[in-house]
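Going in written order, the chains are labelled A, B and C, and every chain counts its residues from 1.
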Amino acid sequence: MRVPSVAIYTGHTALQIALGCIEEGLGVIIFGPKERLRLYTRFPAIRGRLEEYRGEETLEKISSEGGVLVLSGGAIEYLTPRVVMSARVPVFGLRELTRWEADWFLKTRLLQDAGLPVPRYFRGIDEVEGLVIAKLPGAKGGRGYLVSSSRSELERWAEKQVESGAVESIDQLFFQEYVVGTTMYAHYFQSPVMDRLELTGFDVRYEANADGIRRLSPRSLGNLRESFVVTGNFQVYPRERLLEDFIEMGERFVEATGRLIPPGIVGPFCLETVVTEDLKPVIFEFSGRIVAGTNVYLGGSPYLSLYWGRPLTVGRRIAMELRMAWEQGRLGEVLT
Amino acid sequence: MRVPSVAIYTGHTALQIALGCIEEGLGVIIFGPKERLRLYTRFPAIRGRLEEYRGEETLEKISSEGGVLVLSGGAIEYLTPRVVMSARVPVFGLRELTRWEADWFLKTRLLQDAGLPVPRYFRGIDEVEGLVIAKLPGAKGGRGYLVSSSRSELERWAEKQVESGAVESIDQLFFQEYVVGTTMYAHYFQSPVMDRLELTGFDVRYEANADGIRRLSPRSLGNLRESFVVTGNFQVYPRERLLEDFIEMGERFVEATGRLIPPGIVGPFCLETVVTEDLKPVIFEFSGRIVAGTNVYLGGSPYLSLYWGRPLTVGRRIAMELRMAWEQGRLGEVLT
Amino acid sequence: MRVPSVAIYTGHTALQIALGCIEEGLGVIIFGPKERLRLYTRFPAIRGRLEEYRGEETLEKISSEGGVLVLSGGAIEYLTPRVVMSARVPVFGLRELTRWEADWFLKTRLLQDAGLPVPRYFRGIDEVEGLVIAKLPGAKGGRGYLVSSSRSELERWAEKQVESGAVESIDQLFFQEYVVGTTMYAHYFQSPVMDRLELTGFDVRYEANADGIRRLSPRSLGNLRESFVVTGNFQVYPRERLLEDFIEMGERFVEATGRLIPPGIVGPFCLETVVTEDLKPVIFEFSGRIVAGTNVYLGGSPYLSLYWGRPLTVGRRIAMELRMAWEQGRLGEVLT
């Protein structure tokens, strides 16, 4: 059996995954909308086939050539969870988790079932107490979120979301306690081949306008409100005493996915946390696949050095897992 | 012909340029005020001649020895644009761009002519609408800027600038729409030798007091106002989907400089942007030479790995361009 | 004489110190509370003996085996300054400085005696003028601090600290001018073996809630107040023109410790500064040992490349100093 080719949807983390696959000697197919392919012609280090995405037939073609699809934020957002779920192409990652991730209540259920500390959430606006963040469904990158402690303001916002068609009904909206502290996005890699969980690194998001308004004095701010559209990421290093907590939280997440969504998570995932004043991370969301925050160690993460003796990107780590699984005849354990 | 020696003004990015030149086997002359030279005696890795700057005769001496001057923020600010423009020493970079950069209206004209998205700007205080940032001419590192939406406050500020002699007349002041979003400074390298534009990395500035007051609650803030004196820089990684936009903006800038200021930009430059909630970068300034923000990858930028297979600093990249141009007898294409 | 084994208290910077010692061929003993040891079993790169800390007898055992203790934030906070001061085990670092660091008035005296720029401090609440930060004694990681310009509020806070038993008397509290600017933590390594001071890097702390509230608009903030519990660190690069100032401040600190606490500081230390709008660093505290902020270059600091030709962690630098001192029969110069 030939070494598999890896199909990577454009954007998000495609550069690091493509580079990693090239370094590990795997074939690379970068696919997506025509205008998004151009970026991947610009760098001599990125070699591989570029393919315009023309709907499910493209995935069909990749599949028939023996390619595998890497689950990434771009794949889920632009192919849609439905297509990712139903496509015949083998997927590196836990495909079924995509469905849980897209639904606030399944998402919260998984975190609670894993025994992880989560913020309070409220079934309706009339239950809301204290400062709340109101969210839209799906990975919209924080667009349209509202932070407020006013029920009447939350109600006006909710009505606007239904009227504008952003949601079909008010039930799709999510009202979560706004936990104040420092956000920290913890990145992991669950390796079936090595039978272990690896901690790969941490980032903090750089969000418009939340990180823009913070630089203005209240006088200059006027009526500007915070919003949470991710524009980039910073690398952060948590206190060493937090690392064991982060690892144990990752293990509980792996265990819960194995129990509720067998065979459980494969490869990269992220727990999205706020660390409070008493140094307790609270998990407000998760991502069941590689996150864009791993781009902060495009040059290699020093945490991966602790396992592999040299800094690696998560893209490289994905490629290593695929190559090792292939060499050991265990591809079935990493593809779903 | 001997390989050229590279003259580097103290401060700003002198360390990375000197290191890069040493690694590429080029001679190094670090020059500047006597008290600023001491830093370069402290590191065993920095070898080269140190020379006190005694005015234009120093540049004359460097020139007569066959040295070339690297255009840097330090060179422009302390030698003054006039001296940089008129000195006989060959310059790595587009010397003539210095004149455009020092003048708000030429600066804005170049960006507009390149078809780049810029904030609104206002010819006079009576035209001002909304939140505005009022700026002084020249690279003062953000000192003395004012953010306000009040015409009377802007007028008082403007009068003060004239009275204090910071400007000769109110016409030298610049009133620009204050765009709210996340600032992102995109770094580029235009290579005549490789005939391509390379994206080298991104930074965010760390500014007093804008980044100090953000950590205080409104109660503690009192009447403190934001100011924008650069004290340092952070490395940031924009979302991958923004990279193609950044590259195309860089290309438009290169094209416009080639058209308006032949032969056009050579080597490093920076587009200084705000990324808004709808993920559109708006360019509020540019720097037509290496910026201090490139110090965030003093250990090498992973973006340069995409072109060269290994992380590089911009200082090293400058040295490589000079060495390659010299080896190929093409120094005339990189010196102006 | 055998090469010494290095005893490292769990947490803080234990990973980088352990890795550094392994790379330099030194033996490693990681010790601490049982539940904190688990982290160090998780990474294949971390090899060495793990030992539960059972009080002073553990230090006695390490000492009798010829081990040396590395002074770190974890060692001081959890072993307590008293135990660190009195234990028979040789210490890498200036053990006696621990006593000065734990006392606000000795701490301030050392900085003033070194001729370093410090904020104003106030002997009593009735002397307070302007914005003040009120601090508790010891390395509590910023917990319980108050920023205020109101004497009555400061008095209520002070009474609460006495009532709650956080301090025995109001005299143990410290009232320091709150300097507005950008915080910058400068890291150094004083090497007796090389007889020089090395600049190793810079970080900025990521604090709950100070860095959480900054992302909320005043409307959302309500009555939330800033607090300063360190949850992580970011890497920052100061402007190059500040480096010489930072080095000279480090030299003055080294000189003062040599004069007041002979033989003076050995190994890593940190000056904790605010850089103001006029680009002057003001030192509000110091740490006379490795700080957690050095974890931001877990992959190696480019500043250490300027001395050693390759990026190093401070943990590796400690191990190199110990190995070189041992090889040259000069262990007595680095142990206290």
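Just so it is clear, a contact is a pair of C-beta atoms (placed from the backbone, for glycine too) under 8 Å apart; a residue touches a chain by one contact, two chains touch by 3 or more.
Just so we're clear, the structure is a prediction, and the values are computed from it rather than from any experiment.
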For the homomeric pair subunit B and subunit C, should the interface be classed as same or different, according to whether the shared residue numbers exceed half of all numbers used?
different
What angle of turn lays subunit A on top of subunit B when you fit their CA atoms, given in steps of 5 degrees?
120
Using Cα averages as centroids, what's the distance between subunit B and subunit C in whole Å?
35
Of all the residues in subunit B, which ones touch at least 2 other chains?
207, 211, 213-214, 218, 224, 234-235
Within their complex, state which residues of subunit A touch subunit C.
131, 147-149, 178, 180-184, 202, 204, 207, 210-211, 213-214, 218, 221, 224-226, 234-244, 247, 274-279, 300-303, 305-307, 309, 311
Contacting residues of subunit B [partner subunit C, same complex]
11-15, 19, 36, 38-39, 42-46, 143, 206-209, 211-220, 222, 224, 227, 229-235, 292, 295-296, 298-299
